[in-house]
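There are two complexes below, and they share subunit A, which is joined by subunit B in the first and by subunit C in the second.
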Partner chain A sequence: MDFSSILPVTIGAILLAGLYATMSYGLALIYGVMRIVNLAHAGVIMLAAYTTLWLYTSFKLEPYLAPLIVVPLYFLLGMGMQRLIVRRIAGAAPIVSLLLLFAIWLIMQNLAYVIWTGNTQSILRPYTTRSIQIEALDLTIGWLRLGVFVAGLLTLIALQFFLSRTYLGKAIRATTQDRDSARLVGVDVEQISMIAFGIGIALSALAGSLFAMILPFNPDFGRVLMLKSFAIIVIGGLTSFVGIAAGALLLALAEEWSVGVLGLQTSLKDLVSFSALVLVLILLPNGLPALIGRMPSWRNKPTRSVSPVGSASPTGGGPK
Partner chain B sequence: MNPKRASHSASVLILVFVLLLAACGGGASGGVGGNQGNQTGGAGAGTGASQGVASGTPAGAGNNQGAATGSGCAGDQIVIGASLPLTGKEARVGGFYRDGYETAVKFWNEKGGITVNGQKKQIKLNVLDNTTNPTTSVSQYERLVTQDKVDFLLGSYSTLLVSADNVVAQRYKIPYVNAGGAASAIYSRGNKYLFGVLSSVVNLATTEMDLLKAQQDAGKLKKPANIALIWENTDHGKDFQQGVQAYAKKHPDRFKVVIDETFELGGQDYSSLLRKVKGSKADLFLADAHLEDFILMHRQYTEQGLNHQVVTYGARGSEKDAKEQLGNKAVAGVLSATWWSPELPYPQAKEFVEYYSKNHNGEMPAWYQALSFEAANTLFNSIQKAGSCDKEKVRDTLAKYNEPSLLPGNKTYFTETGQINNPFVVVQNTTKGESVLVWPKDIASAEPMIPMPK
Partner chain C sequence: MALLEVRGIDVFYGEVQALWGVSFTVERGEIVTLIGSNGAGKTTTIKTVSGILTPASGTIEFDGQRIDRLPAHKVVGYGIAQIPEGRRLWPEMSVQENLELGAYAGEARGKRNETLKRVYELFPRLYERRGQAAGTMSGGEQQMCAIGRGLMSLPKLLMLDEPSLGLSPILVAEMFNIVREINSNGVTVLLVEQNVRHALELASRAYVLETGRLVLSGAAHELLNNPQVQSAYLGF
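This part shows the complex of A and B:
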């Protein structure tokens, strides 16, 4: 056990959590509104990474500015996907949507192979390897990692604001809680589903665009990230964005501490993530919020967490 | 549906899919619908033009239940088959190998071809793209032998692929000469049709450790020195790890391995591993990685502000791609033990460098092109020496092959296992973007920069 490395390992975990949370919001939002597990999530992350590369190579657009184009573009793509494909299987058994989105992922992968080949790509700019050195703490933090963390944090704040303070956000939450009741009070549920799907895809694309700056990618990119996103939203309880951020932090801490402090072989890091997923599913199927809900001191406190799956939230989180 | 029950059901469903995806995932990139186009290089080297599959003109390459024996080469051509990773994770290096093979074909064809039974025969190369997928590579070698009826095989790259696809050579009793598999485990399975011109990675590790020991004796390197030993979890990496560990155990007063960690080939993020390395307070960073992993790992190494007295990624470090992607400053001082250097003083090496540069607009070859050239050259020379396209005769000639060559040690020969056992050379990147030969001392062109520049 190496206690001297606790600080750098913990900071590394917090930065990693920002990356994990960013990639999980989209998956959670789509599940919340439409009760669909978006298996095309990895494909969207991958395509957004390639779009960022394309914007850079073709138009010399700096990669850190790419999200300004990628996010609206994929929002429209997501709405189109929902309107043309996903809407048609509304009400079908869950396996139908899983298979449909799995097929879409495979199509995206194969398109990427055709367009960009299977070669691994990476975006390198002069600022790619720059870092902040804090010698007193023997700490080095990469600028880009910090940037991705800040982007994840800003996304969380923006989502919380959007879902709790805007009409559209409230309508999305009403739809997640009860589609029929939402319809009764005048919410256009079909339109809201389309917008929410678009936002979910845009959030996945934001993650892909940010990752393109710090990780290499090929058409298979996103597979492991999606599996970790599943783990995070299950740990986070499928209930709130704050829960997802907490799930991401917990997972990142478990991974990094097991390697950096407890001395586990780095190659076994993923074992920690997926063991955590299995344990949470068996012991705590409703994730962290359920655990918090069971704690007496927390039970009566109103939560400010905003729920993409209001009805499943043990801590409430319905429209305010 | 009860909301909690719904949530629980969804969670279980997710788990099922996670397990499903984990089970079917993890394969090499290119596993799903990768481009499997065929690329044929004929007499002209360096073109790499896609011309479809070779027509399989040579007759006599039998397909009789597990043996492709026969005299072969009945037409005016000798057809050589190879499957290379032209797309996918190893696409860059796969391209270098195709280049080396094509250069050798052009070199021989310009001299009239290979003489068999007193008749000159031109060489035709049939290269398929295995998308860096071992399963595809195996099936493509099967196809080359059974459908395209090639006369002989040149190997794939890297250890992972050669390890899988060399069984085809044994199954069909057809000589397979490769420059892509260095792990000694590949050659320990009794495949008598397999020949490799890459020396074992254990030798690589030992060569680097010899250099470090000499630097300690010269007072340039700390003694004892703590080692961070990082290796890819493949037979290639295991050889490196065994080489370093054995050397450190033999010299406990000089070296101590303080961290010994594996990583997965083709990983996406090494930041946790590098944080652990930083925490170990090692003096030397000795890693064994393939090109893509080296580039990513060294990018994150630089990002984390790491600095060791010595940094090596085994055979990787001097590649132009790394210098272009990371910048000369980031890779300056990185040591790499390679199977070849253009600075080798042998006439065969000089002739190759001159010929390659002339045909590539003055570009200098790296060890990838040199070794793949030498693999092809060894095969062609053996066919000529055997004076026949009979696969058994050519195999026997390869087994006894011992000829001057461009490789370190100035000769190519094979041990009983089919693997060459030549020494390595160590090169080091300079701040100007060059790579200079620093070891062995008798042929070195520069003194090693140790400790590395910060």
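This part shows the complex of A and C:
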């Protein structure tokens, strides 16, 4: 036990949680609109990391500027992927989309091995190790860690604004909550699916691009992060922004505390996340929202931000 | 020319046929009711008109134009609104957001604020609750919100699928009054109801569906006195 490290470890966890939330929200958005789990998430995170590296080595683009290219690029890529591939299996059994996206991930991974080999890469710039010292609290915070946190947070806030204020954003939410009702008021749900898939992929890519600045990566990068994303959306509920932020924070805290405060070996850190996933699935299959729902004093408040996936009905009816 | 003209539609769910050669018309300004027991195909009929389902054969014309091959999101622009069975609001969105999205399509969007004001006049209750998440309202309030959402698209034809489902007798009466009021403002109504007596008293004409086929049609007051209808649907 090392209590003096509680503050810096907690701050480190909060900064990490920003990125965790960004990548998990991409998965949740796609699930919400299309009811499919994007197993290519890991591949997109990894490819975006390499794209960031490639933009630097080939064009001398500073990695912190890479998201300006990576995000729109992967948005278009995601829309193309939905249009050409994923859309074709709409309405099929869940296993079909799981296998399809799993296969896409493997293809991405193998391509990366061919193009960049399996060697571990990292992006090192003069500012990589620069940090702020806060003497009074005996605290050191890496500039980059702070930067990627702010970038992730600002993106999520902008996305929230888009979803709650614009017609298009509201159409995305409506499609998530009741697809047929959305069609009945004139929402082209095929188009919405494509846009949502693009946004989801762009978020995964943003996370990958930001992670590339602070973590080493290889073609297998993204696998562990994807499993962590699953843990987060299982904890936080799939449709709720606040739930995902809370899930990301809880997971990051559990990881960082177990190592930094409780003194667990660093190599066991990921074990903490996956144990959390297993525990939550067994003890609390509907995540935090279910727990909150069980507390009587909370029940009467409007629970818009914490309602579980079950509130949306499956798409019924025949083909069209 | 009738406002809605449905001719001989066959509709399938996968391999299973749910409608056999269903034909009916709705004239401008009318209230027409479609009755039948559970599983008769009433919802299927309405969903086919709104484009959620596509008929395997047969045609649907609205205002003189073929709409049977159009996807649902295009049909609403022609002036057809479906109020689905079981309300089907967006539960986590506010009442106002639900209503505003009702005006998503076509010209309705530009007239949104005006229409919203009229809907709030028709349902003062919704105005009081405008900020509340739709899923947390009572069944009656949700039904009003669903009707309001349909009106936001400025429909020529409003199709209601069992609006009285799960409402108390007082609310049922209120709901029928509202339908009458909407109709008197020039909106044609196609009403699906289990509450057959009320529906026949309100409508001018009626069609009876049985296991996917139309078996009876006529003036509503005649069906009200028809012994067959009385024994099957009115509990005589």
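Methods note: the second predicted complex is superposed on the first by the 303 of 320 C-alpha atoms of A that agree within 3 Å, B and C clash if a C-alpha of one lies under 4 Å from a C-alpha of the other, contacts with A are read in each partner's own complex, and residues count from 1 in each chain.
Rule of thumb we're sticking to: a contact is a pair of C-beta atoms (placed from the backbone, for glycine too) under 8 Å apart; a residue touches a chain by one contact, two chains touch by 3 or more.
Treat the numbers as computed from the prediction; the structure is a model and nothing was measured.
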First (subunit B), second (subunit C), both or neither touched by A:Tyr167: second
First (subunit B), second (subunit C), both or neither touched by A:Gly186: second
Partner chain(s) touched by A:Thr128 [first = subunit B, second = subunit C, both, neither]: first
Partner chain(s) touched by A:Leu277 [first = subunit B, second = subunit C, both, neither]: first
First (subunit B), second (subunit C), both or neither touched by A:Val234: first
Which partner, subunit B or subunit C, touches more subunit A residues: B
Residues of subunit A contacting subunit B in one complex and subunit C in the other: 311
Partner subunit A, residues of subunit B touching it in the complex: 3-4, 6-8, 10-15, 17-18, 21-22, 25-26, 29-35, 87-89, 91-92, 131-132, 233, 261-264, 268-273, 275-276, 278-279, 292, 295-296, 299, 302-305, 325-326, 330
Residues of subunit C touching subunit A in the complex: 11-14, 47, 50-54, 71-74, 76-77, 81-82, 84, 88-93, 97, 100-106, 109, 132-133, 135-136, 149, 152-153
Of subunit A, residues touching subunit C in the complex: 167, 170-171, 173-174, 177-178, 180-189, 239, 302-304, 307, 311, 313, 317-320
Subunit A to subunit B touching residues, read off their complex: 2, 4-5, 8-9, 12, 16, 31, 35, 37, 39, 94, 98, 106, 109-110, 113-114, 117-120, 122, 124, 128-131, 133, 138, 140, 142, 144-145, 215-216, 218-221, 223-224, 226-227, 230-231, 233-234, 238, 255-256, 259-260, 265-267, 269, 274, 277-278, 281, 285-286, 309, 311-312, 314
